[in-house]
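Dropping the structures in below, format is structure tokens.
Presented sequentially are two complexes of chain A, the first with chain B as partner and the second with chain C.
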Partner chain A sequence: MNKILQIGWKDLIILFRDKGALLLMLGAPFVLTLGLGLVTGAFSGGSNGLTGIAMVVVNEDSGQLGQALADMFFSPDLEDLLVPQTAVSPQAARQLVDENEVAAAVIVPASFTDSILPDNSGQLGKPVSIEIYANPARPISASVVDSIVQGFVHQVETSMVSVNVAMTQLVMNGRIAPTNADDLMALGQEMGQRFITQDSAAPIIRLERDEAAAEAATNPNYLAFLAPGMAVAFLMYTVALGGRSILAERDSGTLARMLIAPTTTTEVLAGKVLGIYLTGAAQVSVLILASSLLFGLRWGSLPGVILLIATVAAAATGWGLLLASVATRPSQVSSLGTALMLIFGILGGSFAQIPFSGILGQLSKITPNAWAIDGFTTLGQGGTLADIAPALLALVVMALVLFGTAVLIFQRRSGALIAR
Partner chain B sequence: MFQKITALAWKDTIIRFSSRTELLFFLILPIVFTLLLSGGASSNQNGDVDNRVPLLLVNRDDSEPAAMLVETLASSDVVRIDEQPLAEAETLFADEQAPALLVIPAGFGEAILGGETAVLELRQLPDNNNATAADRAVQTAVSAVSRPWAAARASVQEADRLEAFPDEAARRAYFQQATALAESLLADEPERIVVTQPEAALGEASTYDQAAQQSAGQLITWVFIPLLGTSALLAFERRYGTLRRLLVTPTRRSTYLLGTITGQFLLGVVQMALLIGFGILVLGVNWGRSPAGLTLMLLAFGLAAVAFGVALGTFVKTERQANNLSIMLGMSMALLGGCWFPIELFPPAVQTAVHVLPTTWAMQGLSDLLMRGAGVAEILPETAVLGAFAAVFFVVGIWRFRYE
Partner chain C sequence: MSEPILITKDLKKTYDDFEAVKGISFSVLRGEIFSLLGPNGAGKTTTISMLSCLLTPTSGTAVIDGRNIPQDSLAVRRVIGVVPQEIALYDELTARQNLHFWGQMYNLSGKALKQRTDEVLEQVNLADRANDRVETYSGGMKRRINIAVGLLHKPKLLFMDEPTVGIDPQSRRRILDMVTELRDEGMTVVYTTHYMEEAEELSDRVGIIDHGRLIALGTQNELRQVVGEQETVRLSFGEGHEANGHAELFNDVDCILAATSLDGEIVLSVREAAEALPAIVTRANGAGLPIRAIEIEEPNLEAVFLHLTGRALRN
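Let's look at the complex of A and B:
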């Protein structure tokens, strides 16, 4: 047992002294978490680019609706979302879009109000359209501006249709007499004003959400997802490097030397496996500790975190061993390990939350990443050991299956393992 | 000299592709990542690409309003509904098979037809951007489908103000009549919003084009990393002492560097051409609007990246350091340069700060070509900046270059 521990400890020390290896073991996940934190606004209270959208409005309408729309962009409700400005002409507004200064220009045409609200004689003007001149380089921001304008137009349309429906029904059902056109017109106009300006009516449909989950979904803490994702992604690199060391020791002759000593092949291999496992567990622990201290990230239940580190390191070690068992050269393990790290990273959700379905959804389940991220985020949200039991079980099963397979392959290739 | 440069470039190509696994990084992984991130690997039952966010839907109400809501959600561009019984939906949601679960409870339609507020239950996975997207899509559908009912309710209230309804049945009949009338009137409403784009971009999608974003972004990521890896070639030569041996041959330092740079640069160009071909043929990305502009942009980006690799090679000591630093810097700079997520989503201060990176300018140039319909003249600023990056990195590389 002592020999196994010594070999394992030796491998741990070697890897943690390798500056080149540390770049990907600790540097890359840390830098990428930092980078993702920056671009998602996780370090600035969630203020990402979908706040402060620069846009410009030109109001050529002399009626109340054009002014109401223009005023809405400058309202306190939208002050976090938009950075509006006015332009003197449609040409000037379009130029701001062409120069990539703003995400969209909203151009309200002359007689927009007249096209929706009937005049005193009940006549409507010719239909005209609000133009949204969208910046193709900022399609998401432009679509936000579009949806705001749509919301306004829908409200106005619905109000006018409400007046139309109400008046029609009142007459049809004999609740008012269609005797005096002027009275009807006056009633319709009064109703229209009331409908357009009233915003206190109870909603037709109310969305009921779990408050805590809705808050977390509306203002997600991306770091809680990114940090474990990155830690696990680069764990795959570490275990591949560990697997590589088995073949590297064979090539450099140190494996043969160890076997000359009173040490069995099983002890040497067990020591190597222990080394990979300890290195992986240490790597994830360091990253978790660093993100707690530097980013103030809360990881949740300590026993849960320890168990997850232990099991994900075991599952990842299984993958590292499998790679070493099928590869013929150390460089092959390195290359395949880096490839596996990237593929598992994307499939398991370390790099992006992609809603995989079908076969890709099933494939994601063979990655330690998917289970570990699930477990870590559950713990971070206050989950208990019972909540992460499925993830722990899946990782343990994965580790056992991969260890078993690797051992079988090693046994069949035992000669090749000791000498090329 | 030309022969020497060719020989050096060929030698580096042989070294790089000495292992077949290099093909993984040269072509296979870039294609896999582009496909997965662009949603090109997701397809619906008809085999069409469908990268919408899955939304579990439980409809426990056999009413027309509920059916209308389901129909509106089904036509969403953002969510793909997966209708399930409650127990199955809850299991799938608990397994995080979908980021959101919407329950239309029994009595939903009854509440609406009775002029009351109907309630929908929405459950979301926390800290999940797909859950946020699903939430917004549900709100949009609710808003759209509510319009005739809002008009009908207003009409009922007006009637009630003048004369109370004799009973609930009369009130409900009035509401249904109003709903039908409102639906008909809303359907006849003219188009009051028109979305236009700069003339050069006409014909391009005005909405976010994930395939174009990822085709460009992944191209930059996967070409940038190996070109930074030029640094590993220099480390490799130093380790084996071949650089020292070059001293005894009539080969100048500049010839050696030019040969190394040429080889890696040309490989980068080939890789970019293959990835663009993939984008055009498989993802349907319109890369061909300005072939001259695209060529100029790619050459400038390739030069800046390989020059960065050369400069990096003069700082690193071992191949592993060089390779790992290339991956770390390449991924980080691609991420910050807007290659993974649109830069418009970044906080405003970060959007400005990331302009110190060559990847930002490369992504901006390719986005201009792909999404803004830019030509040679429009992408000259980005090309010039990348050229300046190349010049600075080359100077640093040549200045610091040592044979051992």
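Let's look at the complex of A and C:
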């Protein structure tokens, strides 16, 4: 056991002394996370910057003002800024926010128009509020939606007061017969009264801004998706590097020297596997720690994060070992490792959340990336160990299957560790 | 120095259709330096790899310190040390860290490991550079640490596979002196080389290996008797005249037993140099080869190899 630990520890030290490898293991994912975070506006809490803000509107009002507000979100003027959709109910809209699908939900209540415009008898309905249900994970985007609604409200208020004043002036100047204008006068007075008597800062139309529940508040936004995605993607690079080291040690003669020593082949291979595993686990841990300290990301339950790191590093190590078992030269492992990193990164959603279906969807399940990102995202949103149990189990099974396969291949190619 | 520590019998190693070692039998006595001398590709490294339990012999037997290979390989590996031909070290680690790691592979730990690390660093004269990374070392220094690793666990039998390849004369001198010191301390050394001079300087006994066969074995005197009173004549020629391709000119000259070209010279094996020289000079002049120098050597291992194979050792 001591020899296994020594071989593993030696590999860890050697890899962490390789500046080039460190740059790719730690620097690259960090810089990519940082860069993509800046490009996408993740650091400002935006969903996707100041374009394409996803939002949802629910119009329960049957009047013209509610329709005007709803139509405004779909107007050509806002098509670059917003990606609006409608929901059938306020609950459905709030759920979209809770699930981080949209930045905000605008809910227009049923009697909105009636509360602004008088009916034929000149009566106004009870004051109601437009609800803006904001996503705390996307504060900037939610504020943009809020501002748009505020602008609409301001426009309606200005129009209403202007109309009221204008009508009063017309009657006062004898341009309109008072008999015809009684109702309108009443309306104008009513509106004017409201406007005057109320606090000048208080609007005629009320807005209610609400934020999603605390659970969603812990949602670590797009950056929290990017960071584990990049960490796991580059973990594949690291394990490929570890797999490469088996063949590189074979070529440099150090593997043969270990086998000449009173050390069993099993100890040597186990030590090498441990080295790959430790390096991978250390890499992901460093990236997670750094993103917590520098980006303020919340990763959720510490035991869950530790278990997820342990299992994803094991599964990735399995892939690295499999690469080493099928390759004949170190350069082959590097090439295959890079290809695997990119393919798994795309399939597993390390670079973008692409919901694959069919065969691609099934294939994504063989990547450690998909399971790990799912687990990290769940934890970041406040998930528990029980919530990530499927991901943990999948990663452990993946690791066992890959280790077993690699060992079988190594056994078949018995001379692979010493053939020069 | 009479009891053998290593005995091989008809040891063979075959790769598919290629026979790398074609049935080698020899023994190595305790406390001696035994050299396996032969050109590159002769089968020296394959033989060492089998004896150090890295390769499984295709057939034949080998016994080291009373234990069979490969049946008792773990026990054998405890008593042998190996200095491989390639520098099998970790460049990113310091010399001390390398020794520490390899010592642990040989079951050393704690104070014993530290003590042996210090001792071998002194032995290879690199104690002052112990904490520098190996990647900063010269080739000769790396070779010395490579040897130090093989000495860490005080093996009874040390295999050294061409340990002086590609290094400067000063480092080579240090290594050769070290090998002699190890023998003087009681260690048995099996030393492979294609340098005749090294085998002559170091060896108590020499096995000459060529094309996977052991073609001669014995002390240096015994081997020289193989060629009898033969002497070696080396001819070098004037500028612009290559020796290569002209050795066969001398094959039919009386008294010449073998002729080959090596390092820009023609090497002739003759019974009596004084008698043969006039005919040699006449043949060279007749072929338009202006002789610049003639060197006559007493019988040596080069001559033995030339005599046995018809080729120079380093051809």
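Of note:
The working rule: the second predicted complex is superposed on the first by the 247 of 420 C-alpha atoms of A that agree within 3 Å, B and C clash if a C-alpha of one lies under 4 Å from a C-alpha of the other, contacts with A are read in each partner's own complex, and residues count from 1 in each chain.
Throughout what follows, contacts are C-beta pairs under 8 Å (C-beta built on N, C-alpha and C of every residue); 3 or more make two chains touch, one makes a residue touch a chain.
Remember, predicted model here, so these are calculated numbers, not experimental data.
Looking at the shared chain after the overlay, A:Gln6 reaches chain C, while chain B stays out of its contact range.
Legend: residue contacts after superposition of the two complexes on their common chain; A:Ser245 is shown touching neither chain B nor chain C.
Put chain B and chain C next to each other and count what each touches on chain A; the higher total goes to B. Within the superposed three-chain model, A:Arg17 lies in touch with chain C and out of touch with chain B [touch as defined at top]. In the superposition on chain A, A:Leu32 makes contact with chain B only, while chain C stays out of contact range.
By the touch criterion defined above, A:Val153 lies against chain B but remains apart from chain C after alignment on the C-alpha atoms of chain A.
Of the two partner chains placed by superposition, only chain C is touched by A:Pro262; chain B is not. In the superposition on chain A, A:Gly253 contacts chain C only, with no contact to chain B.
Once chain A of one complex is fitted onto chain A of the other, the partner contacts of A:Ala137 are limited to chain B, with no touch recorded for chain C. Common to the chain B-facing and chain C-facing surfaces of chain A are residues 18. Remark: chain B residues 19, 21-22, 24-25, 29, 32-33, 36-37, 39, 41-43, 53-54, 69, 96-100, 112, 117-132, 135, 138-140, 142-155, 158-159, 162-163, 174, 177-178, 181-182, 185-186, 189-198, 201, 204-209, 318, 320-321, 323-325, 327-328, 331-332, 335-336, 340-351, 367-368, 371-373 touch chain A in the complex.
For chain C in complex with chain A, the residues that touch the partner chain are 52-55, 74, 77-78, 80, 82, 84-90, 92-93, 97, 101-102, 104-107, 109, 149. Interface residues of chain A, counted against chain C in their complex, comprise 2-3, 6, 10, 13-14, 17-18, 252-254, 256-264, 418. Remark: chain A residues 18-21, 23-24, 27-28, 31-32, 35-36, 38-41, 44, 47-50, 52, 94, 97-98, 103, 115-116, 127-143, 146-147, 149-151, 153-154, 157-158, 161-162, 164-166, 168-170, 173, 175-176, 191, 195, 201-210, 212-214, 216-218, 220-222, 224-225, 331-332, 335-336, 338-339, 342-343, 346-347, 351-358, 360-361, 374, 377, 380-381 touch chain B in the complex.
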